[in-house]
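Contents: one structure, followed by commentary.
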Amino acid sequence: MKYVDANTVQKRMNTRILKNNILKYLFLIATLFGLFVLAILIIQVLRDGLQWIDWNFLTGKLSNDAERAGIMGAILGTFWMMIVVAPVTLILGIGTAIYLELYAKKGVFQSFIQTNISNLAGVPSIVYGILGLTIFVRAMDLGNIVLAGGLTLSLLILPIVIVAAQEAIRSVPQHLSEASYGMGATKWQTVKNIILPAALPGILTGAILALSRAIGETAPLTVLGIPALILPFPEGIFDKFTALPMQIYYWTLDSSLVAEYVNLAAATIVVLLLLLFLLNSTAIIIRNKFQQRY
Amino acid sequence: MSVSMTEKSNINLKTTVSSKKTVHTDKDKVFHTRDLNLWYGQTHALKDINLDTYEKEVTAIIGPSGCGKSTYLKTLNRMVELVPSVKITGEINYNGRSILDKSFKVEDLRTHVGMVFQKPNPFPKSIYDNIAYGPRIHGIKSKKILDEIVEKSLRGAYIWDEVKDRLKENAYGLSGGQQQRLCIARTLAIEPDVILMDEPTSALDPKSTLRIEDLIQELKKDYSIIIVTHNMQQAARISDRTAFFLNGEVVEYDQTDDIFTNPKDNRTEDYISGRFG
Amino acid sequence: MSVSMTEKSNINLKTTVSSKKTVHTDKDKVFHTRDLNLWYGQTHALKDINLDTYEKEVTAIIGPSGCGKSTYLKTLNRMVELVPSVKITGEINYNGRSILDKSFKVEDLRTHVGMVFQKPNPFPKSIYDNIAYGPRIHGIKSKKILDEIVEKSLRGAYIWDEVKDRLKENAYGLSGGQQQRLCIARTLAIEPDVILMDEPTSALDPKSTLRIEDLIQELKKDYSIIIVTHNMQQAARISDRTAFFLNGEVVEYDQTDDIFTNPKDNRTEDYISGRFG
Amino acid sequence: GSDSENNASGNNGNSSEENNSSSNNNEEENNEEIEELEGSVVIDGSGTVFPLMSRLAEEYMLNEQEGVSVEVSRAGTSAGFEKFLQEDGTDFNDASRFIKEEEQQKADDLGIEVKELKVALDGLTFVTHPDNDWATEMTPDELKSIFLADGGIETWSDINPEWPDEKINTYGPNENHGTYEFFYESILEEQDLVDDVNLQQDYSTLVTLVSEDVNGIGFFGFGYYVNNQDKLNAVHVDFGDGPVEPSLDTIAEDGDYAGFTRPVFTYLNVNNAKEKPQVLDYAIYVMNSVNDFAGETGFAPIPEDEASKLVEELEALK
Amino acid sequence: MADNHTKPSNAVHVREMIHQKKKVKNFSQVLEKSIPVFLFLFALISILTTAGIIYTLFIETIEFFKIVPIWEFFTGTVLKPMSQNPEFGVLPLLSGTIISSVIAMLVAGPIGMMAAIYLSEYASDNVRRTLKPLLEVLAGIPTIVYGFFAFTFVTPLIRSIWPEVEATNILSPGIVMGIMIIPMIASLSEDAMTSVPNSMREGALALGATKLESTFKVVIPAALSGIIASFVLGISRAIGETMIVTIASGSSKNFTFDITQSMQTMTAYIVEVSGGEAPAGSTIYYSLYAVAMTLFVFTLLMNLLARYVSRKFREEY
């Protein structure tokens, strides 16, 4: 006895297939929507900012006069901050990842740290700003200098770097470390000679992406108190500073005071996006170039 | 397998294998396992294993998937301890010393008991560095000595001629069979006494398989070899003794000929006749 | 395998299998494959396949890993098209209609040609919903009819008695063998003509394997079955015809008895005697 | 832009010339002690005064003391005082109102000596949408009643029946700002504001809000109006002698707009000035040069003699 | 085999050498023991960070509640921190935060989900490999840039369609935040769906189901926990987002639900009040910490919820 009637099945078949095809295009449109907005955003920013970018703008000092204003100070501020952030997060991030992946005993404590890290990754950046203000600016009395900003951003991206490093370490095939242990290598020898070199491209890729997150962060810096006007270029990590995103923020806010500030903000955005683009390309190149075949 | 097919395969086996089979009972024991039990957390993976292996013999371990073959093998060089939840009771003596004793340094044990894995797993380094890895971590730094070790080991694994002109190239440029021989060479470089092999040919094509099988017959002259295989014919071809594992137990352990021609246990027979999966 | 072992297994095979084997040549063709070639990107996975399968027969496909068994099977219900880079030439006729023709809707084809996979893959739903899934997408909503279909299908897969009291429970609570029979029942629910099976017992224990083998013998009365297996003994036990694949080619295709007792090609013989992997 | 170089040098030329002509007597002293200073000067406070102060800071760093870093922020007068009146507080606090008693008290408690430097005059300006062609002239009372909770005014027609019958939307700076307090204390005499007044932290936001709301009216310093004349109308206020448009002339000392005019200041932490030569130097520079930049940033200058008196007092601190 | 097989017994005696080296390996043994200790200390930093956040927020929040009763804070609808008679009701900030997050999720939820379905179920490998990273570019754009975009482009655009909308309003930053969150939802949901074993899909397709049917009846139910988790994380992100709202929504502290108006979120309040090194000791200063604490607890709960969901309701397959 047949329950499934061939005729009804046939009839329904066409509507079912049609529905499938229509929705497929709807889904595609939704996917492209984000890219469409991205395109508009970039076009908008380029239109407002591109013709304001010239040598003077890139190398000049800040100024109230839109025609004269330059962002070298902000570029240097961002640069020095990264000089702090990069080594701090790399050392702490890789160290923590190695500990969690390779040394920590699976158990309550390890999963506590792990939960803690994934929660930290979800803490709003402005809260890190308050932490930085309280600890680095106030308690350690550093003031709002590059070092304070850099340490604050380091804490902010540390969870990201840790997780990326953990993933990179985890993705080193077990059979490689087994081979090393099988030769009588100790744990640290295996970590140092086999696991870390194999994981390094993954770690670097993750770290660079995290750095580019730090470069664009504004909220924590607003809490640390970056002056609206500061002319001298920072010459080290103990100087006061401004940074690219802060400059975008102030110029956007003051755009109704001086109309051209919108253009300055847009031009700075172009520079910032370009910087991020470079960093991301580096990450991709590293990933592709050093991708291992196991 | 049905009846008449075996009459044919019979012939095959005779020509390629039987001649190499030798059985010694007077030899020295290498591993002496008594009442070995092993748990992965709650999973009782090895149950009361009693098994002796002998010097300069090939011991094969066969059994269906999940029966504990790899686990037993990895217990012999304590690689199994890399799984954190592992619990072991019982005793394993290696040349008379208890290896489960914490005073026996694993690094030490593993320089005596080398291991070759199922999937060829060279390091993502040059061929040279792959072989030199073991000697280096043990503190040998002299370029000259390393050169000698590399050549000797590669020759030992019958791969020297194929790679001698490309020692600086990445090991992943080699074919699967070459990689597996490289891994064997890498093990030879630290001059172990025993070589454990976990399905070393299961990822290889028939031709490479044959080469490795031949190599095992060669190595047997100098090393004691314990090999896990899911290929019964392979066990029949190359081993002196065969242990049949099932659900973590040793169902039968005997000279290879006996196991295959005259199994004493029904389950062994079932397995050999292909009643599993 | 060595000589004397087969004398024993011989007996086994005779009692459990040989009696069931029947060979028809006068039956209708179900699939008629001509000059089938298939590429995954650059990989030429199937080469000039010519193969006919027959109604209410069990056709077994054997061959070493990577030889194209699964690929061929998945071509028969066009599941292979899920791999985007696939290119197919040649012809496959199903009951006289060309299935590679784009006008033959895959959804349609697949309701006629059911499939059972290597690893049991029930949906993460209740047992009932697993079976009802197929009928429901075809528009059957009536609770009463669905109830009937579920019962009939589960009975057909010989699992009704084991699950009838827990139809609302999640299918993942079942054992591996039960899951596999559930998947077979799920296929029966849409009343196909053909059932394709890709190593349906390779993930199962011996007992479950036996049940599935018995079930296949039952199903053969109503369905045409094509089964891929890496277990030669299984092919010998349950199939009417056997095709031996190697490197994407059909090396030999014949009645099962002939293939195993009297292979015409050396390579078939090599394979049967275990010279691979 | 590409021609910024020309502009830049032009500006520089201009300002230094002005400096020369307006402060001849200081020139000699400056020459005597062209001492290279360094360190930083930290300024926070009024957003109203910010354009003037940041302008001065920039000029100072470019033309006077390259080694000194003057950092200017603008949290608002009241918020600025909070930062000024603490240990290691800011050096200057810009203010668009007088320091309050409580604030002075707190300074005394902390032992901070505060010096008030009047830097310019600002006219509180009421702004409307450019399309608003009715409410162009109002009396102070009318303006007040719009913002008062008890003012009885909800729609434009409540003021003048001929005006549209549309609800008036009110805007202003929030309580961080001296401008708010000046309005609340001096003009509304501390009566409650309407409930739905839209108070914002940033003046730019206010400018945008009013410039895009036909029924909006807002208030802030004259400077933010002049910079946005194209987007905003300023209400002409009739203090009794006819409507007065706020302009640099009318908001000047004793000008016609005096009713809504207020002095703006920067308050100096004298302790810091004594400790840090650059702070004092900057204070002197500010009082010497402030009148040169008042006009272009939207303020009326203070009388010359008031300025030079303050300079003298500052010199005395050396 | 063409090799000349040399027995591994002559020339170099590796075994001997290894044995000798063993004795002089004290330093490496110390290293072996001390490295884990160092690494452990590094791992502690992340715990210290959490402890630091909780401690600083907690201490000052306690101070705040000594001045402003906790009840008043959480039920007050008026927020006038700088006024002569300051009032510290957090409800205006909560309404701003919730409304902007709701708007963001209304944008990001459906669009992100549809994108996830397309990428995981329909797109070919190549298309996915191009589109997904491109989409993730959206997530990598600094929020300040989105703020600029909301303020200078989206708001004017909305106002040209809907003139009642104010120049600063919660709608525009809400939408832009949504766009920013799209890739997060798309990517995480896609991961969840991709990790549903292919055998599930094959099972459905082999029964004659269309892709749509296998997606909605098999894949999505199986991936539901991951999908829900991605939504929760999206909400958490929206709640914590700062610069977009700070720039594009102004700083009105009205307690309202009118999306055409300017509203302030908790994050924007923190920016405004701290606006440079916040003065210590005042009530306003403490209010900063009370609001931050509220924000922290909110997002912490969301993150824990996401974790819980993705763990507890993970389908067994």
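When the chains are written out, they are named A, B, C, D and E in that same order, and each has its own residue count from 1.
In this section, a contact is a pair of C-beta atoms (placed from the backbone, for glycine too) under 8 Å apart; a residue touches a chain by one contact, two chains touch by 3 or more.
Owing to the predicted nature of the structure, the values given are computational and were not obtained by experimental measurement.
Within the contact network of the assembly, the step distance from chain A to chain C comes to 1. Shared contact partners of chain B and chain C comprise A, E. When C-beta pairs in contact are tallied for each pair of chains, A-E comes out on top.
Per-chain CA centroids place chain A at a distance of 40 Å from chain D. Centroids built from CA atoms put chain D at 86 Å from chain C.
Chain geometry summary: the mean Cα position of chain A and that of chain E are 12 Å apart.
In chain B, the positions touching at least two other chains are 108, 111, 138, 190.
In chain A, the positions touching at least two other chains are 16-17, 186, 189, 225, 227, 253, 255.
With touch defined as above, residues shared between interfaces to two or more other chains in chain E number as follows: 210, 213, 275-278, 280.
A list of each chain pair in contact follows: A-B, A-C, A-D, A-E, B-C, B-E, C-E, D-E. Those residues of chain A that touch chain B in the complex are listed here as 105-106, 173, 175-176, 178-186, 189, 193-194, 197-198, 292-294. By the touch rule above, chain B contacts chain E in their complex via residues 108, 111, 135, 138-140, 145, 148-149, 152-153, 155-156, 158-161, 188-191, 211, 214-215, 218, 221-222. Interface residues of chain E, counted against chain D in their complex, comprise 80-84, 159, 166-168, 250-254, 262, 272-273, 275-282, 284-285. Chain B makes touch with chain C in their complex at residues 1-10, 12-13, 18, 201-206, 209-210, 231-234, 236, 257, 260-263, 269-270, 272-277. Residue ranges of chain C in contact with chain A, taken from their complex: 105, 107-108, 111, 135, 137-140, 145, 148-149, 152, 190-191.
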